[in-house]
Each structure stands twice: as structure tokens, then as C-alpha cells.
Amino acid sequence: MMDVKRVISTIERKYIKNNLKKEERFDGRGLWDYREFKITPNFVASAEGSADVSLGETRIITGLKYDIGTPFPDLPDEGVCTIMAELIPLASPLFERGPPDEQSIELARVVDRGIRHADCVQTKKLCIEAEKAVYILFVDMYVINYEGNLIDCGGVSALTTLISAQLPEGKWNGEDVEWTGGYFTGKDIVNELPLVITYGKIDDIIFLDPDLPEELVCDGRISISSTEEKITSIQKSGIATFSFDEIKMLCNKSLEIGKKLRKDLNLWQYKANNE
Amino acid sequence: MMDVKRVISTIERKYIKNNLKKEERFDGRGLWDYREFKITPNFVASAEGSADVSLGETRIITGLKYDIGTPFPDLPDEGVCTIMAELIPLASPLFERGPPDEQSIELARVVDRGIRHADCVQTKKLCIEAEKAVYILFVDMYVINYEGNLIDCGGVSALTTLISAQLPEGKWNGEDVEWTGGYFTGKDIVNELPLVITYGKIDDIIFLDPDLPEELVCDGRISISSTEEKITSIQKSGIATFSFDEIKMLCNKSLEIGKKLRKDLNLWQYKANNE
Amino acid sequence: MMDVKRVISTIERKYIKNNLKKEERFDGRGLWDYREFKITPNFVASAEGSADVSLGETRIITGLKYDIGTPFPDLPDEGVCTIMAELIPLASPLFERGPPDEQSIELARVVDRGIRHADCVQTKKLCIEAEKAVYILFVDMYVINYEGNLIDCGGVSALTTLISAQLPEGKWNGEDVEWTGGYFTGKDIVNELPLVITYGKIDDIIFLDPDLPEELVCDGRISISSTEEKITSIQKSGIATFSFDEIKMLCNKSLEIGKKLRKDLNLWQYKANNE
Amino acid sequence: MVLLIKDEYPEKLFQENGKRLDGRDKKELRPIKMEVDILKNADGSAYIEWGNNKIFAAVFGPREVHPHHLSKPDRGVLRVFYRMATYSVFDRKRPAPGRREKEISMIIADCLEPVLFLELYPGTAFEIFIEVIDADGGTRCASTTVASLALADAGIPMKSLVTALAVGKIDGELVVDLSGIEDKAGEADLPIAITWFNDEISLLQFDGDMDLAELDTVLKDAKEAAEKIYEIQVNTLKDKYISIQKNIENEKGGED
Amino acid sequence: MVLLIKDEYPEKLFQENGKRLDGRDKKELRPIKMEVDILKNADGSAYIEWGNNKIFAAVFGPREVHPHHLSKPDRGVLRVFYRMATYSVFDRKRPAPGRREKEISMIIADCLEPVLFLELYPGTAFEIFIEVIDADGGTRCASTTVASLALADAGIPMKSLVTALAVGKIDGELVVDLSGIEDKAGEADLPIAITWFNDEISLLQFDGDMDLAELDTVLKDAKEAAEKIYEIQVNTLKDKYISIQKNIENEKGGED
Amino acid sequence: MVLLIKDEYPEKLFQENGKRLDGRDKKELRPIKMEVDILKNADGSAYIEWGNNKIFAAVFGPREVHPHHLSKPDRGVLRVFYRMATYSVFDRKRPAPGRREKEISMIIADCLEPVLFLELYPGTAFEIFIEVIDADGGTRCASTTVASLALADAGIPMKSLVTALAVGKIDGELVVDLSGIEDKAGEADLPIAITWFNDEISLLQFDGDMDLAELDTVLKDAKEAAEKIYEIQVNTLKDKYISIQKNIENEKGGED
């Protein structure tokens, strides 16, 4: 792979940093502004749920497929929801072909943890018959264009996909699963709406939603997932270090920004309607 | 791997092409002549069917193994016949070690499609008990020497292998498959005898059964499978383009050549006899 | 990987060889002396059996895990014991990351064969219910430090691990395996105590228990497993050749050295006691 | 375990009124929509919606070849990577590219190479990445068609565009542009690509069962239908140039 | 088939006397034992026993980078390979390294890099191999802690040691140093690492459910506990130097 | 699901008349047939039928080493790739080479290397590809024997040929040249190879159960039997040179 860090020259690095110090960003945003989110739900006819989400020029198309499987023995009445990410080379010359690399593992894991620990997907509702049959959901994210901050874009993409989902409803006939003829929708599955919010850090400057050049020059990032009142997941990456006070400040900010974003995006509008 | 195209020098390319234009080939064949086929059935004692087939110096040894499996849900009363090809490095310095490359995938696929779409293997006869147990046949081709036109050699090799097959006959005892003591032979399985016929194209010259130097210099190939009256499969490969008239001419020729070859090879003579 | 043979210079090779000719070794041992064995059983709390074994500076930590599986159809009343080895890069700059290489396959196979053919693990005692459920034991060796002669160290490590084992005892309730509440220990599983003994050969000099420099310069090695009275396994490796008389002499010596070592190590002291 | 709903096919592929299940006549194409210059990070890109197919193509190059031993000293190489998203099909596809994807990649490369001047780019590679986001029959043809647009969008010299579509036989009738269901439940499927600079066929596959007369007819139908698709391709490129033209004029206007 | 004994968790994680299941108070660490210079073939090495965790770390470098394209012309690279032995966990782990192991490797590398002067070692690599022989909760933190010791043992210039531990919430109570059972059955888990040269946080992960006040408290607890672990690290290194010192003195004595 | 017919072994491996199941005496070899120069694209090749074993060997070299880092500056390397066809055994083998095949490849390489002068070929490789088309016990020995012929056919300087066979114990009796069924159902199996230039053993493996006296006897039997196989190897090469000689003479005759 190209050495990502070398795509940006030392001059650019200085320029970006100096601008950030002056609280100026190349695209005119303030330090705590998001780029624009654009959401198209149900983009993929073959999927049981899907969303095409852009954050600025970063674009992720996510789809949901399902299977019926036997539950894990230690969670006999819970379904499973897995998140996968593919950073395909179409999206950037920085991505290479081959098995998932560290960056795609990170994207999937951070989005997954933001969802998992917020009691977002009600896995007990994905149970058809305890110990016998549960839904296994596959939420697969494909990065179509990469312009920085995949995580926040992926978080909204995965969440919208789940909300838009519509699965055939199964019941246990004593031996096998059969279709009731009805459907099971995102409204039945999704409980909380956790949002993951990512900040970059260069030297001692912290800013929201890094775009690609900012991501390439920054020392590190921190992604904080939260519901209305609680922090549910944190992931620091890169070699930046954060002071204890900075962490507290960012947790605080995340609750605040999350609240606003949750209202602005109004994701429930994308729920499936045919029941 | 070696760059196949560079094995042949520009001078050789010109020489081969000029000869073909004069309808002359290095080994004295006319444009529409096959090299000689040699067939040894039942070459491998450990296999349930096998054939050692040479087309000129190209040699492929194919064997058939079977397993009993559960049928696909959407084809509950049909067995399965899979074709695999290995281009082992023993056969040519052009082949490298490692997982199957494009050329071996192509060989397996073209032979497979020629067989599959001609209703050659009667998959319903490979059913022991609907929804419960069917035969899964593995027809595996090993290229022992490579001197061009693997596909036509492989087609005859796979077909002879199927015809020579002798499988233990199973019956369903309500719970499991047990052996009746009898056998199931190629005669019971094979219906049609589709033959795949390959042509090379250099500039605007088309010719039957390319040998290795011809294959290495040609712009492309086309393989056409047919039964007595019908075309059942076509596969163009390489960067040659064909006019609409050329395609019609070749389809016509394939029926004609196929008829003659089917008679000459008389593959039914290789059927297993012990029932 | 580094070219192992080039780690040792020609001068060192001559020096080691000349010393061996004078029956002198760098660490003061005689030609037929072992380095010291140190054994710590039950090193790993998470494993059902384990041993930390050093032979001089060579150190292998082995653990045993189990699973319950269906027996092989041709051995319906026998459990399975598999041996695996990992030569992790922590143990030596000579080891590289990646899938198991030839050396780790060799270590696992030679230790496995020494155990398997000596009727060491009584696989029939690993049967819970014929045709239904048997124990599958995984004995996994991790090389922690590599200073030559992994095989003899691994042999003692695997054997001690088996002796120290303590598995929950299962019984068949007609449908599934349930725990009796009791345990199954190494004493119930292990029958014979085969020891594998390895010799190096440089030119025409043969010596016991090669250390790392000796292993790197020697032409080949031979590992001989034996019980009290019988030879149960031999494996020659490397490009040394042995005369027929040398083989006879070494088989003889192996019975002799094995007897002494079996007494000195007194492996039965490490058996699990809680029944 | 069996999925709740099986991917089953209807017994008949024509309605009582003689129309196909999706309401089309035998020689009618599904709705097709194309866009170019849709992916900012690629040297050229295009997007196609063809029935329910949704496919992106991105072109990079000429650029260095990785791994290096795949480069050729006397010409450029064309590498195509056709992939399907896991969720683009009825049963979730495994994430790793399978044999089918590799085979189709090779076929598309062979089919596009005749229109390129690779001899002008020794030692370099053109790489085309194709991602099928939603699949509904004929993805290899739609991919070829959109990849040819992406090459044009990248400004790479070409002898002509390439247009591909699948024709075939369903319920005994010859039709053009097989839908997913027609592809699976029909009797014959013939993907074909035409290189317009010489009016010849650069991709041809066939699986099924046809006599010579049927083949003759269906090839003619294919060419007629391809001409309609070609027109859409050309207009998509024209629209792009018109819009660029307008931008330039607007800027000039602004300068005045 | 189901294993005979399931890996089940108790309903309560506190005893009646208010102690945790292993008898600890909320802010009490498990027993920790460290050693350095334990693997003769490495440039630096260390071993830690932390509760039932048993972990080895070996450092090699600065050395050539394989494969070469991973090297950087202007600085050294730090590569961490965290692996778990198959038998180190309740259900046997598959031998090949999984995604989790690769992710943790990356996290540990990011967490250690701030204390190194990689700009002084252009074109080379430091490689840290970590092998978890026995696992009981908090392996990523114990691995970070022991890897930092192994770096020091290798004599590599460092701004400071790094200390990591996991704090969290079990049965609604905030505790430090989660055990394996507390990690699995608890409500929140927060691994954290501190780079002592700037008193900042170089690893921070969190999964669970906490309000801001809880987070504030638990971070404070984490720092206090980390200071105790740091002391053990420093003493382990001191002991090594003292013993080297003694050896030298003994030798000198012998010379007299 | 269980295969219809299991791969079962008889209870006794001797007939009432004292002969082995295939009619052989204890010290009798199975029929052996060899050919050289059978694969036109290799630098040297050979084919062996030994009982029901059918094995091809092809030698390429000296040639460049891929990947390059496996080459040695001061000597050539010998690489052996032993593979079994999927259909060569009772239960279909998976297509990808397994651990057993890699292990046997290494053993055969070690066993053949002593007869080569690799120090004369620095930086290059000899590669031997062995394909077992039909297997019936003793394939590693038959492969070694046929590979040694292929090396000679390639005209590579050798100190001597190498001959290998398996001896063993079945139903308590020592026998030579174990068949497939004897290998699986017998008590002991001892593959051995002899390098004739020094009359020493270059491959020796043993699995089973023998006391010293038995081992002594069986090694003697092995050597006697190997001498018979060696004769066949030599005659196969002689026949080739005679036929070349004749061709040359015929050509000369033609010239007259």
C-alpha cells in the first residue's frame, strides 16, 4: 500500500495545522462542525435493508442480509448482528485489494461496538425459538468514496440500514422455521440510536469530523459513541495522547453534539412502512 | 509466472502467421484438422472412473470420485457433478505452483459448461432419496503435459471419465444410505455426448485445435460445445474480436466437426461393463 | 527467513566439528550427555493439562484443550489426540511469522508419531459412547526459547502435559453428553511413556542432544522413540546419510538412554491428584 | 438451516398478454441510467442503473504495476477487478472474491482491451475496479458497459466505446436483455459485447440450447438492442462535456 | 457438540461481605509479578504474571524491515504482534491469528509509539512479539505493560515507561483491574494506558454504559492504580541493574 | 454423510497358504515398471508403476530461484514438490496441498540431496515436481525412486542413483514392499532409501513396534530388495541410451 502519511507533504501538514490553530479549516468549517450528511435509505433492492450515506464526499453504502441459525449455547434466546466493512480500491488509491486490512477491521469494530453496547439492536427480538432458531443479521458496509472520517459515516449508514430493515417473520413449527407471511421491521429491532462521533488531534488542537487531509496529517483520533445520556463506547487510535481533562471535555461535547445530530438526521423517518 | 506471450519471439509469430495465411501449419495439418486423440480409460485404480487422454502431445489424466451429500434445497432430487482442473507445474514451465490460476479456472469452467448445458449428466439419476441423499461427483482433471488446446482434450477426458464410471449403488433405508451391492455405471448417468471444439484466431485467420506455439501467438480463441443438432455453449477468450459472420460460420462448422469426431472417437466403447 | 545455515560462519563450523572429534562440546558435555531437563507441570490455569519444560535453554510450554466430537466411522470407539507445534518468533530471530513452516510441522509430527505408535494415549478410554461421542484432545506446543533440539524437549513437554491432564468426565444420556461431576486424569489416559531421543551427525561424528550451534552446523539428525523394550518410531532429517551399523548402534543406545531418562525424570510424579 | 423464503422461480416467464413478467416486450430493454465522473478519487468513473442492477466503475491509470512482475516492458496491462457486494444478491455472498468474480474480471478485461492502445503505455497498468452494489441479471454486461464509460471519463484514448448486453431464450422465445429471473429460469443466456470501431464481437458466452437459426436471430436482435444502449452511453458523455463547457463559459462570463 | 462444561458466569460479582469474587476490594489490584531479560534470543524481553494472566514479550530491533516496502525512509517503524496460545482461554482458540489479535496488536503499537524516538531510526523496525500463554482478563493491558518493560530491557531510548490496566463497572459498582469473569459478566470495561512522560492517555477504549460522573471517577481510580503498577515496573528494572551491578562487582572482586 | 462403502481392512494379511493377500512371498516385490523422458516440457522426467502406484516426476533446472530470497549464494538448492491427485486415494483428497504432502516433499529433498553436487550451481535451483496419480502404499519411496531417475534423465551429475522402498511388519511377520492395505493394517512401516555411492541410508522413517533383532533383520531385507529395484532403474536408463544410440546410428546410416 502507499504510505498514507507521505501523501501529504510537510508543507501541507504545516499549513493545515496552522489553519486549525486559527480555528480555520480548508472547507470553511469551524472546529466543531460536521460536514453535511446525505442519506438515501433502501438503496439496494436485493438487501433486506440498506442505506447510501454521504458525509461530505465520504460515501458508504451499507446493506443488510440475514440468515437463520442456531443460537450460541450461552445466549439461547438471542439473535446475532454482525458488522463488516470493506474499503474497496474503487474508493481511493490509498486502499489496496486483498483481505481486510487494519483500517477496515477498525471501521467495522468501532461501528459494531457503538451499536452493541448501547442496546441498539434488541437481540432478544431476533429469537424465533429459544435454543433452536434465531436471526443472524449481516450489516455490511462498502466504502464507495473515501474523504476522511469513515467511522461517523459508517455509524449513520449502519444505523439507517437497521432502521430501514424489513425481514420475513419466521415462526417455529416444532421442527423447522416457516414464514408467517408477515414482516419484521427496523422499528421492531432497533431500540436506542447511538451515534459515534470522531475527533482528530494535531499537536494540542482537537477538532470534529476530520476530512481526508486532516486525517492524514493528524496524530490520532478518538471516536466516542453515545446515546441521549450515556457514553457507550470510546476508541482512541493513532499515536496522539490525550490528557485526562481533554477526555472529559470530549465526552461532554459528544453528548451535546450527539443530541443535536440525532434531532437533525431524524433517522426514524427511514423506517420501513409495509406491515 | 513467465510472461507467456514472450516465450515466442516476434519472428516466430510472423512465421506462424504467414504459414497460417498459406493454410500451412508446422505439423502439416490443414486449418480445420485436429491432432490425434489417444484415449486410455480406467487408468486410475483408486478412482471410480478415469481416463488418460492425449490430443497430440497435450495430455490430461482425469479421475472421478464421489461422495454422498444432502441435495440443494431448490433441487431436492438432483445430484451434483463438479469439474475441477489443475495445471500442475510438471506439465509445463509456464505453469506455476499455487492456487488455481485463471487458466485452470477457465479450463474447468468451459468443460463444465459444455457438459452441464447439454444435459450430458442426468443429475436426477444421481438422486438416492429426494431431499435426503444424492451423489456428488468430483471430476478432477490433471494436466500432465501442455502443448496447447487443453479445453478440447479436457472435454474428451471428462466425458470418457464419466462414461467409464462405476459407482456403488446406494439405497435409502429410511435413515441412512446403504449399499445395494450393485453398481451404477456411466451408461446410467450420461445422456448426451457434447463435444467442445476450440478455434484460434490470428489477425483474420481462424483455425481448429491450436497447438502450443499457435496458442501463444494467437489473439484469441473461441470454444463451441455442441450435441448432434444444437449449440450448447460458447466461450470466447483473449482479445481477438469476431465478426457476426465468423461466429455463424464457426457454429456451423462445430456441428459438422463434432458429428465426425463423435463417430471417430466412439466414446461409448469405454463404458464400464460389470453389472 | 534468515538462511539458518549462514548464521554460523565457516570458522565456527570447523571449530565445533574439531571439538566434537575430540569428544569435547562447548558446554562441557560428553558426546552422549543430555543438557538438564526442568519441568513445571500445570503451568497454565486455562488448560486442562500443561507443562513448561526446558532442555538447557530450549523451552516449550505445552497445553491441552479438549472438545467432544463424533468418532471417525472406522474407529467408532476411539477418541483422538492431535499434536500441534508453533515456533513463534519470540523464541528466536530464526523463526518467522506466518503459517506453520516445515520445522514446526516436523516437530509436531515426530512428537506425535513417538506417542501414537507406542500406545501411549489409550484412545479407547477417550470414548464416551461408541459411534456417538469421544474426546478430542489438542496438545499444542509453543516454543518459547529455541536453543536446539526442540524434538526431545517437545516430547517430554507433550508427555508431561498428558500426564498432568484432568478432564471433566462425560457420560452419554442417550441424546447428549453430560458431566458426571467427576474427572478423568492423565493416569487414566496414558499407558506407555515413550521418549524421543535425538542425535546429530557432522561428517562421521554422532552425538546426543544437539544444542543450537551444533544443530545449525550438523549435516543431519535422527530421532528415535522408544518404550522400555521396543523402538516405536524413527525419523531421519537433513542430508546426512547413516550406515546400517550406525543405525543399529543408535537404536541400541536409545533404549539404554531412554531407560535412564525415564527413571531420572520420573514423569508420573506430575499426575493430577484430585479425583 | 433453510432460509425462511426460498429464491423460487415462476413456472412461466410470460404473462397472458404476451408481455414478459416485468411488462416488457421481447425486444425491449429495461430502463437504463448512466452517470460519469461520480467518484472523486478515481482518474475516471461511471455509474449505471440497469433494471435493478446498480454498478460503480472506477479507473486508475496509467500507473505503476503492483506487483511489479506483472508489468510488461513493451506495453501497458489492463487489469479488471469485478466484485459483488455481499448484499447485492438473494443469498448473502461471502465477502472474499470467488472464482466466478475472478473469471468475470478476466472476461471483461479481454473484452475491453481491443479498444485500448496499450502499446502506447509500456510498463504501466490501467486498473478498473467494478463494484456491483445491487444485482439483477446481466451484471457482467452492465459492468462492461459502465467500465467502458469510466475509461472514456478518464480521458484514455479509445478506438470506440464497448457495449454489452445479454440476450437469450425464455419459455422457448428469443428475448433481449434478460432480467435476473429470466437469466435463472430461462433456457439460454448469451452475453455479448460489441466493439463499435469494427462492429465486431469482443465478448461472447453462451449457455443453453439453440439451433443455428435461433442463434442467427438472437445475434441480430442483440446488435439492434446494443445500438440503443450505445446511444445512452454517448449521450451520457456528451452531457458531461456540455456541463464542463457550460462551467467554462460561466467562468469566462464571470471574468468579464 | 456442546462442551461438557459451559463457560458460565455467576449472577453476582460481589460477595455478601462486599468483596469481589476473588476477595479483592473495589480498588485493589490482582497480584502482579514481573521479570525482565527472560528470553535469551531476544534483544529485550519481559514476563508478567498478573492474576492468572501469563504473558511473554520479546523485542527485536532496530533491524531490517521485512517486507521491505513497510519501511519508512524518515523514521523507524514499530510493529507489534500480539498472539494468544490456543490453550490460554476457556474454548480452544484457533491457531491462526484472528482479527481480534490483529486489532489488539495495532492498538498496543499506537499506545507504545509515543514514548519512542522512532525518528532516530530511519528505515528500520522494532518488532515486539507478545505471547499470551494464559489469559484471565485484561490481556491487552498486561501486554502493553510487559511490552514496555521489554523495550526498556532492550536498552531502547524511551521517554518513559507505559502502564496499562482495565477499569470498569460490575454490578453497578466502579472497580479497578477487571478479572476475566468481571470483564465478561460486568457492565463496562475501560482499558487505559498512561505515558508517564506527559501523564497522558495513549490507549483508551471503552465499552459499556456510563454517565459523565462515573467516567470521571473511574478515570481517577485508573490513574491511582496505574501508579502502583508503575512502581512494580520500575522496581523490576532496578532489580535487574542491581543484579548486573553485583555481577560486575563480583567479577571485579574475582579479579583482585 | 458416510460413504456407501467404507475403506475397511481385512483381519488377516496372510492367506492360508502363507502368501500375502496379493499372492506375494514375504520378500517379494510388487511388479515395477519404469520409463524415462516421458514429459516433453521438463528437463528430465520419469514415470513409475509400482503395484497400483502410478507416479510422474519432472525435473527443471538448474534455473532461477523463485522467490529469489530462497536462493543461496554459495550453492544450488533442491526443491521437491510432492503432490497427490485428488482421485489417487480412497477418499477424495482436498485439492490444496496438505501438511503431509509438504512434509514428504521435504523428506524426499533431504534424501536426494546427498547424491547431487549442489555446490557447483550457486544461486540456482533444481525443482522436482512429483505427481501421484494413483496411490497404493509406499508412495514416498516410489516417488524418491522415480525422482532419482528423472534427475538422471535430465543429465544432472549425480554420485549415484537413490532407491527407496518400505519394509515392515504385518501380522507379526517381517515383509518387504508393503502394499497399501499392508501399510494401513500392518503393525510397522519402515520407509528407507539407499544412496548407492556410499551404501548408506538417506531416508529412514519408522512407525510401529520392533525390538532390536527385528529391526536388524528388516534392514537387511530392505537392502536386498533395494538392489533388485536398483537394477530396474539402471536398465531403464540403459534402454534410453540404447534407443538414443540407435537413433543416432540410424541417422548416420541415413546419411550414408
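Should a chain be cited, it is by its letter among A, B, C, D, E and F, assigned in written order, with residues numbered from 1 in that chain.
Just so we're on the same page, a contact is a pair of C-beta atoms (placed from the backbone, for glycine too) under 8 Å apart; a residue touches a chain by one contact, two chains touch by 3 or more.
Nothing here was measured: the structure is a model prediction, and the numbers come from that model.
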How many hops, at fewest, get you from chain A to chain C via touching chains?
2
Shared touching partners of chain B and chain D are none
Using mean Cα positions as chain centres, tell me which chain lies farthest from chain E.
B
Please work out the Cα centroid separation of chain B and chain E, and write it as a whole number of Å.
58
Roughly how many whole angstrom separate the Cα centroids of chain A and chain E?
29
Would you mind pulling out the distance in Å between where the CA atoms of chain C average out and where those of chain E do?
31
Sites on chain E at which at least two other chains make contact:
2
Quick check on chain B: which residues sit in contact with 2+ other chains?
100
What is the sequence of chains around the ring when one begins at chain B and proceeds first to chain D?
B, D, A, E, C, F
Parts of chain C lying in touch with chain E, wherever the complex brings them together:
43-47, 50, 57, 61, 63-65, 67-70, 84, 86, 88-93, 96-97, 99-100, 133, 138, 140, 142, 144-147, 168, 170, 176-179
Which chain B residues qualify as touching chain D in the complex?
3, 73-74, 100, 102, 105-106, 109, 113, 116-118, 220, 222, 229-244, 247-248, 251-252, 255
Residues of chain D defined as touching chain A within the complex:
1-5, 39-42, 45, 52, 54, 56-58, 60, 66, 81, 83, 85-92, 95-96, 127, 129-131, 133-136
So in the complex, which bits of chain D are touching chain B?
2, 6-8, 72, 99, 102-103, 106-107, 110, 113-114, 190, 195, 198-212, 215-216, 219-220, 223
